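In what follows, chain A forms one complex with chain B and a second complex with chain C.
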Partner chain A sequence: MTGETVAFWVVAAALLASSLAVVLTPNLFHAVLYLAAALVATGLVFLLLDAPFLFGVQLLLYAGGVVTIVVFAIMLTERLVGERITQASRHVFNGGVVAAAVFVAVAGFLLQGPATPPRPPLAGDTTVAIGRALVGPFAVTLELLGLLLVAALLGALYLARTEE
Partner chain B sequence: MSLGAYLTLAALVFAIGLFGVLTRRNAVGILLGIELMLNAVNINLVAFARFHGDVAGLVFTLFTIAITVAEVAVGLAIVIVIFRVRRTVDADRLDLLRG
Partner chain C sequence: MPSFARHALEAAVVLGALVGLVAYVTLLERKFAARLQSRIGPYYVGWPHGWLQPIADGLKLMLKEDVVPARADRGVYNLAPIVFLVPCLLIFATIPFAPGLGVADLAIGVLFFLAVSSLEIVGLFMGGWGSNNKYALLSVMRAVNQIISYDLPFIFVALVPVLLAGSLQMSAIVGAQAGLWFVAYPVLGQLAFLAFVVATLAAENRVPFDILEAESELVAGFRVEYSGMKLALIQLGEYAHMLGTSFLGALLFLGGWLGPGPAWLGPVWFLAKALAIFLLVTWVRWSFVRIRVDQILAISWKLMLPASVLLLLATALWVAAGGAGAA
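Entry: the complex of A and B
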């Protein structure tokens, strides 16, 4: 067992446990906190895959940004204490069957597929490669992404504003 | 670890997220499930990028993360508007379009 293998199993266990907690805990506010843990664990998976820049982006945008605005949305729509925040799930059996079927289908596809290639040696710093790709072949896509973000945030502002 | 281990992990997280989307009744809870599913996709993209030595997967992960942030912002704005109109975010009771 190399260090990477041990780290993978630890991170995978943390990711799966926190993901299960997100969908199973009855308290919605706790679910968001577990989601933050799951997002950090995902970032650690990125780190295991030699993508430290994406780890940083994941922490800043997901674990920082998304969790914050979800917490605000819950505070605006639910009471943090008392009966209303506890949410019973519905159709648990049917949902479980569908989710298990999807996983079995994907896992069967993975088993049938060709043997996975070995991990190639790292070709230079991935952060530098991402930066070059963003201003090279993906420059137009990057600009479109900026446009999308502006449009989405303006739309969100428009939707959530109070009537004057 | 092999590529298959990462892909299996991502498939498990995706299935868990799908379970959350199907069983949650609160609209914010459904959004949390969608977040988990998108995360699983990101793991797949990064794993393929690493094992094939192709930077495109990393760039696409960056794009999906940014798009997800925009999606969450708009989705939560819609949830807040719905709450203002109906005083609930229970997906079972949001049947305005049911005619």
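Entry: the complex of A and C
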């Protein structure tokens, strides 16, 4: 086994364990911390796949940004409500069934393909390629995503305003 | 695997040098602050001028009793200093101290720095929450507030030199400044550097942006319940982050290791520039008064964010018009 394979299995195990912990731990704050660990592990998977740009963005936006905002929300609501919010995963069985179905589908798809196809060599700096793709062929898509986010922000503002 | 061993050795050397440097940077700050206030600062431990003070401080913190609050969330509380420290040290992985001298000169250098240093907040709120202390929690809520507000301007400003150099790689950014340092670029350079210093102050929670450890109201903020070695780890992380950001500033705006003299002077120049930025930040810290939460947020959202976006836009237009001739 190469070092890369070992690293993959370690990261994969950490990712699985922390993802399971997110849904199974009763303490909401611990769940967020496990979520942060899972997001960092996902970033490491990107790194192992030679996608350093995605790794950076994953850490910056998800582990640094989204987790922070979720923690902020928990802190505000817990102190406002004045009691510990516990996470009651009520639909563990149904969730398990859906997860198993997805796993079977993905595994079936993977087993149909050729066994371990050779990895294509990297062509130059992937970061530059991503940048050129975003302002070239995918420019309209990028702008549409921006529009979607603005719409979501406006919606959030509207919801927050109705209370007054 | 000899290359693996070599990387491990390099990382160990950088880490050791870093911890030593951080220890002495605390002494530098104390002496500098003392001079600003017409004091002398540490003097007798390691006479003259307290050369042994950082070592004495470290030993003292190591020998102190480790007090864990009875109602703390033990796992989170114990893990927090480590989670806080690791990103603060990791940011140095991608900083080259001279051409080819560093742990890894990644192609995504600046992005790696920004991404990893944004993880520090996780350790911060773990500490604040795990302590189960009102002051710590208030402090962390302020911290989260402030870091959400100042991360964006910081990132936008750090992207100005990236745009000018046309690369995220640290060594390429320094290379692009061979003709003229980015801070010397007319108007753009100075504004960007000014915004970088302000955003740095906020990102490091220094006065005037230190509401999260405001000693007169919150005692010491999120680390009020920490003692002994854990407190030492947190302080090590804070100073390492400060030093790392100073190095980043020297790389992005002050031409990194470029300077007159032979090539082996490069790391010396680089260190001097980084320490100059550190002292500038310290100078501000010891000269200004703390400002209120709402003022901090207003400065961020109404001034820093629009200004940094406009700055980035102006840089992009300038580069698109063929302005960055050297790059």
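Please note the rule applied: the second predicted complex is superposed on the first by the 144 of 164 C-alpha atoms of A that agree within 3 Å, B and C clash if a C-alpha of one lies under 4 Å from a C-alpha of the other, contacts with A are read in each partner's own complex, and residues count from 1 in each chain.
In this text, contacts are C-beta pairs under 8 Å (C-beta built on N, C-alpha and C of every residue); 3 or more make two chains touch, one makes a residue touch a chain.
These numbers were taken from a predicted model, which means no experiment stands behind them.
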| item | value |
| --- | --- |
| Superposed partners chain B and chain C on chain A - clash or fit | fit |
| Which of chain B and chain C A:Gly65 touches, first, second, both or neither | both |
| Touched partner set for A:Leu44, first chain B, second chain C, both or neither | neither |
| Touching partner for A:Leu149 - first (chain B), second (chain C), both, neither | first |
| First (chain B), second (chain C), both or neither touched by A:Val57 | both |
| First, second, both or neither for A:Gly3, with chain B first and chain C second | second |
| First, second, both or neither for A:Arg90, with chain B first and chain C second | first |
| Chain B versus chain C as contact partner of A:Ala99, first or second or both or neither | first |
| Partner touching more residues of chain A, whether chain B or chain C | B |
| Superposition-derived minimum Cα distance between chain C and chain B (Å) | 13 |
| Overlapping contact positions on chain A, where the chain C interface meets the chain B interface | 53, 57-58, 65, 69, 72, 76 |
| Chain A - residues contacting chain C, complex | 3, 29-30, 33, 36, 40, 52-53, 55-60, 63-65, 67-69, 71-72, 75-76, 79, 125, 127 |
| Contacting residues of chain C [partner chain A, same complex] | 1, 4, 73, 76, 106-108, 111-112, 114-116, 118-119, 121-122, 125-126, 129, 137, 140-141, 144-145, 147-148, 151, 155, 168 |
| List of chain A residues in touch with chain B within their complex | 4-5, 8, 12, 15-16, 19-20, 22-23, 28, 31-32, 35, 38-39, 42, 45-46, 48-51, 53-54, 57-58, 61-62, 65-66, 69-70, 72-74, 76-78, 87-92, 94-96, 98-100, 102-103, 106-107, 110, 116-120, 123, 126, 129-130, 132-134, 138, 141, 145, 148-149, 152-153, 155-157, 159-160 |
| Chain A partner contacts - residues on chain B that touch it in the complex | 1-9, 11-20, 22-26, 28-29, 31-33, 35-36, 39, 42-43, 46-47, 49-53, 55-56, 58-59, 61-63, 65-74, 76-81, 83, 89, 92 |
